[in-house]
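Each chain gets a letter, A, B, C and D, in the order it is written, and its residues are counted from 1.
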Amino acid sequence: MNNFVKICMVGAGRVGKQHSGSLTSSVRACQVVAIVDPLVDVLTATADEFGIPERYTSLAEAIERSQFDAVVIATPTPTHRPLAVTAAQAGKHIFLEKPMALTLADCDLILKAVQENGVLFQIGYMRRFDPDFMAAYQRIQAGEIGQPMMIKTLTHGPGLPPLWARDPATGGGVLAEVNSHDWDSLRWLMGANLERVYTEVANFKGKALNIDYPFFYDNVMVNLRFENGALGSLDGICPCEYEYDARVEIIGEKGLLQIGELKGQTIVVATNRQQGMLTPVFRTWAERFRWGYINEMRHFVECVSKGETPRVGGEDGRWAVAGYLAGTKSYREERPVYLKEILQTG
Amino acid sequence: MNNFVKICMVGAGRVGKQHSGSLTSSVRACQVVAIVDPLVDVLTATADEFGIPERYTSLAEAIERSQFDAVVIATPTPTHRPLAVTAAQAGKHIFLEKPMALTLADCDLILKAVQENGVLFQIGYMRRFDPDFMAAYQRIQAGEIGQPMMIKTLTHGPGLPPLWARDPATGGGVLAEVNSHDWDSLRWLMGANLERVYTEVANFKGKALNIDYPFFYDNVMVNLRFENGALGSLDGICPCEYEYDARVEIIGEKGLLQIGELKGQTIVVATNRQQGMLTPVFRTWAERFRWGYINEMRHFVECVSKGETPRVGGEDGRWAVAGYLAGTKSYREERPVYLKEILQTG
Amino acid sequence: MNNFVKICMVGAGRVGKQHSGSLTSSVRACQVVAIVDPLVDVLTATADEFGIPERYTSLAEAIERSQFDAVVIATPTPTHRPLAVTAAQAGKHIFLEKPMALTLADCDLILKAVQENGVLFQIGYMRRFDPDFMAAYQRIQAGEIGQPMMIKTLTHGPGLPPLWARDPATGGGVLAEVNSHDWDSLRWLMGANLERVYTEVANFKGKALNIDYPFFYDNVMVNLRFENGALGSLDGICPCEYEYDARVEIIGEKGLLQIGELKGQTIVVATNRQQGMLTPVFRTWAERFRWGYINEMRHFVECVSKGETPRVGGEDGRWAVAGYLAGTKSYREERPVYLKEILQTG
Amino acid sequence: MNNFVKICMVGAGRVGKQHSGSLTSSVRACQVVAIVDPLVDVLTATADEFGIPERYTSLAEAIERSQFDAVVIATPTPTHRPLAVTAAQAGKHIFLEKPMALTLADCDLILKAVQENGVLFQIGYMRRFDPDFMAAYQRIQAGEIGQPMMIKTLTHGPGLPPLWARDPATGGGVLAEVNSHDWDSLRWLMGANLERVYTEVANFKGKALNIDYPFFYDNVMVNLRFENGALGSLDGICPCEYEYDARVEIIGEKGLLQIGELKGQTIVVATNRQQGMLTPVFRTWAERFRWGYINEMRHFVECVSKGETPRVGGEDGRWAVAGYLAGTKSYREERPVYLKEILQTG
């Protein structure tokens, strides 16, 4: 078993557990040999749950003492740049959770370290590995709906995000965190880059939740214009209690394509004709994208094993960050913002 | 407005009201001039609701005193034969509710009176006028699913049927009343007659409802074999509280066709991700077959107006009665029963 | 039958036929006594089809020679103001197709004539009479989804609109004609007025169709902000060949509500497992809103008969026009436009 | 890694590959150390594909030369009894594909060997491990639909089964092979044993396929009566080209529960409003029951690892064989057959 890919998991929280589960249960020819988290309790619990032998409180320590080929970074966004750069400089291949960073400058520092050290780099856009998104992509590529004219993509998530994610000082709010996948999917599915965006935000629940950051919002609607003239919308709501809801609709010159649905199980229960019938929905992102999370890890391990470039990388991650930055600038300045404004400044 | 078709409604109850509503609101070139019911309160209420000018307590009286072209008979099954024969002998065209009768002998007496008096005769199989059933029929006829091999048809209805319907002495139980439409639909859609049937029944709620007729059942499952070798099932449940549920599934040599669904409105409400999403269902037969009820009346009025033969008539009604009789004989004798046993005896 | 509401149909084209069909087949206590159209062939054909006795080539002539209580105006938008004012001045109650007009000035002239002459006025927003939209409205009012935070509404229509409708000189393009219902629905369902809008448009098929009006577009995406802080999107595509598609999704503080679906019949056909299953869709607006068209006419006739105010009137029509004007101004000036800019100028 | 469960795969064909894939990709703490198949080409291909080091042409040889804890038997039904008995006598834990055998005598010999040698035994009813079936089972157990009154279960499969499966001399036809899962599911979900069955079969495609076994059929419909009075139907079609179709519907005293649907991906494509919209379906059993196949292997490995009894075992497998035997006897003798007739003879 010498050709196993040895992985160090960085981050033992919710997402780190998700990836540890995928790697230990559903990916062949790999082993999670080490795990890193500054919170010792969390570190120990996750390491024990997935049988990860080595435990460290910093990536530097893990690099020094352990042997591994690659890192999976599943930590809060503000830590992405330092961790990724450290890993790259140590020659470790990198799987980095979305969003890549909160600024284009940080994205560029990561990209530079990756290139200089010749490591492989994959960004955690697991929707690209979801069987339905993949099938839809292939249908669009095959021309089934003709030239795409309009895309509508949404992510609505239950549960208030963690403090660092919702405070604009340390995270980028809903547009950066919750809608991160949408920024990537719309570019991937449409095969075009954004030209300009216009954003409106609303704050409906902040008061009840005692949130008083400036710029806090829980609803966001972005109007999209692509460089090739196509249009679209991206919307986010968080927290919303009805479902983890992620759907996309694309209309091309020849027709419509939908990805995703509200239904989360193929079960229907009807017991009261006044009430109607009940269908389970997706309660969490883990339920909705079960295969996406497994498949992206399988892809990463296979790329590392074969020395191949992952099919979603730094350039994709950087574009998604640019989208969120443009969207954010738009609602703050109450005007349409061109991506080139961001890309030139960034 | 002399070319209006003048109609006498016979029966002012639930079904009589349904047809009166269709005729007065949704059918042109006709008028309900009279209505008959032995229960004066019901008679007056329905007549007032739909603005029907003449009210009688017997069909004989209506025939004697009023002028009309046709009757719509919407009364309990045991009264069908005497009322239809009376109407035919008076030269009135007849729309008769399903089931045609409870015996083949009664069917034959009705058919004889209809033929001898040269009146038009339509039986109330409104599913043949439901847009979805009609479209399905046309697809089958067009060969879309190839030679039909199997049909599954069901009707599950909320609410205990009226006393006369559920007592086998005066009605035929679920197989005769609730599943009457299924007996007709299966023959129409499959384009074949039944060869033999095997029936099982169950009584789950009778005790709680204090029903102690011999042979009472609230669940029935019939196994079907057609003369051309095709197979099928027909099932009925009444009372069931979850919906008025009427669906058909047909598989042919080339594929599958489904008619109907549980969903009763194109509305979805999701407010609780643990519970799932809610979709309204059909609460009543009137909701489910809104257009079927309107269209069958439009067809009848048009046939009367033009002197054309309705597209669902006495022979169809008689076959459905034969089906129910065979199904009933089967569960009582605990063996498969051939239709020819019924048709020869009948 | 003296209490019949007597109606003069103005416009014998596609929509005039739709309303004539509803009135003659599905509305009691009314009669279409006259019909007006300048095109004699069209006039005669429609009058014959629905048995309308009197035919005129101008409304003025009809008013002079015929006796009727009300007009149903189903003509190109630029004719709405003169026809409605003429009818009002003659004391006729008015049902006017959407959009009410192309300018707020015209709306105001209509409203003034209606008020001065004391006639009833209903605008043709039939979605308010669609059973699903009505049920959804009631659920929102009942608080099922809590305070609405976001609405997404769309209309995509097959077939290039008539020349007058798509030329911005005589019609208002997709935003005015195709999305007219959306402008009304979003205000009705959200229970709030728009504050500002931002619009992007695209022209994908114009070149192939040899359309070279300035400002022609076939795709439009509008970002919405309501006075109460709620957000939304409205999008239109015309022509699109995949369906007549009209759906709404609303998310409130407590959950989500969807109205409408792609499915147009409760039929599924599966014959090829590589291809998948086929479900019929709505081919036309008449198929999708069958009951909406009937119910709005029933409502109008009932209001006229009882002297009651219709539940969707001139103020609603005027707001929808203001929405389309703001949306149009936005894409032309490439900036968010406040409704108050329109309302003050208008 | 000494606590890995070591497995010998018996059968390198379609199902053997499915299980090898699950075990090597998606189950932790196990290793497929050996594989057995008499066909050397198939053996080598599958062993290479999944990196299985040891290859043998007989189970006896594998037992003699290799070290493993358990066997997974995925071979034609007629070989089940000798292989399972050989494995049990060698002290190997057993996962045996469905159906358990073609006779109750063979089932009993397997059960005897299993008991005498104290090995664990799991039968391949993977529907019990499908997330939707599991959730449905829990809802029924929780009383959501009340006492179950009726079940309808079906399996329709594309592709003609292999020769041994469709020849009644070596396999049991559709009822034994295709519907094997239904016989198990109906007992599991209803929580009751069958009392009697009545079966009709049809042969629509045999002639075109040049199949002339006596008793060949490609359509079967079974009427079910449970010991507790509940009713049901079970139907099978094979080959059918439209989908791998497996659905269940249960109605209890309080309401309805559906498991499964035709839709195989959450994708909709609409490009032609005359044709309607297209939704992908399940093309194969592997697509439909992806998680069921993984989960049943996880369960087996965990049971072996912990020495626990699998939750679907020999008694369940035997009841399903009894069901198929009763169903087969019924259509051959054209009468309802009691399970006790089979169980006493068997």
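Quick note on the criterion: a contact is a pair of C-beta atoms (placed from the backbone, for glycine too) under 8 Å apart; a residue touches a chain by one contact, two chains touch by 3 or more.
Just so it is clear, the model here is predicted, and its values are computed rather than measured.
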Message = Sharing more than half its contact pairs with A-C, counted by residue number, which one of B-D, C-D or B-C qualifies?
response = B-D
Inquiry  = Please tell me whether A-D or A-B has the greater number of C-beta pairs in contact.
reply    = A-D
Key: Centroid spacing, where centroids are CA-atom means, of chain A and chain D in whole angstrom   = 38
Request  = State, to the nearest whole Å, the distance from the C-alpha centre of chain A to the C-alpha centre of chain B.
outcome  = 56
Ask   = By residue number and range, which residues of chain D touch two or more other chains?
value = 241-243, 254-256, 258, 262-263, 268, 270-272, 277, 280
Complex interface listing, chain D residues touching chain A = 1, 24-28, 131-132, 135-136, 139, 144-145, 254-261, 263, 265-272, 277, 280, 298
Query = Any idea which chain B residues touch chain A in the complex?
reply = 158, 241-244, 262-264, 268, 270-283
Remark   = In their shared complex, chain C is touched by residues of chain A numbered 147, 149-150, 152, 156, 198-205, 219-225, 229-233, 235, 237, 240-243, 245, 251, 253-256, 258, 262, 334-336
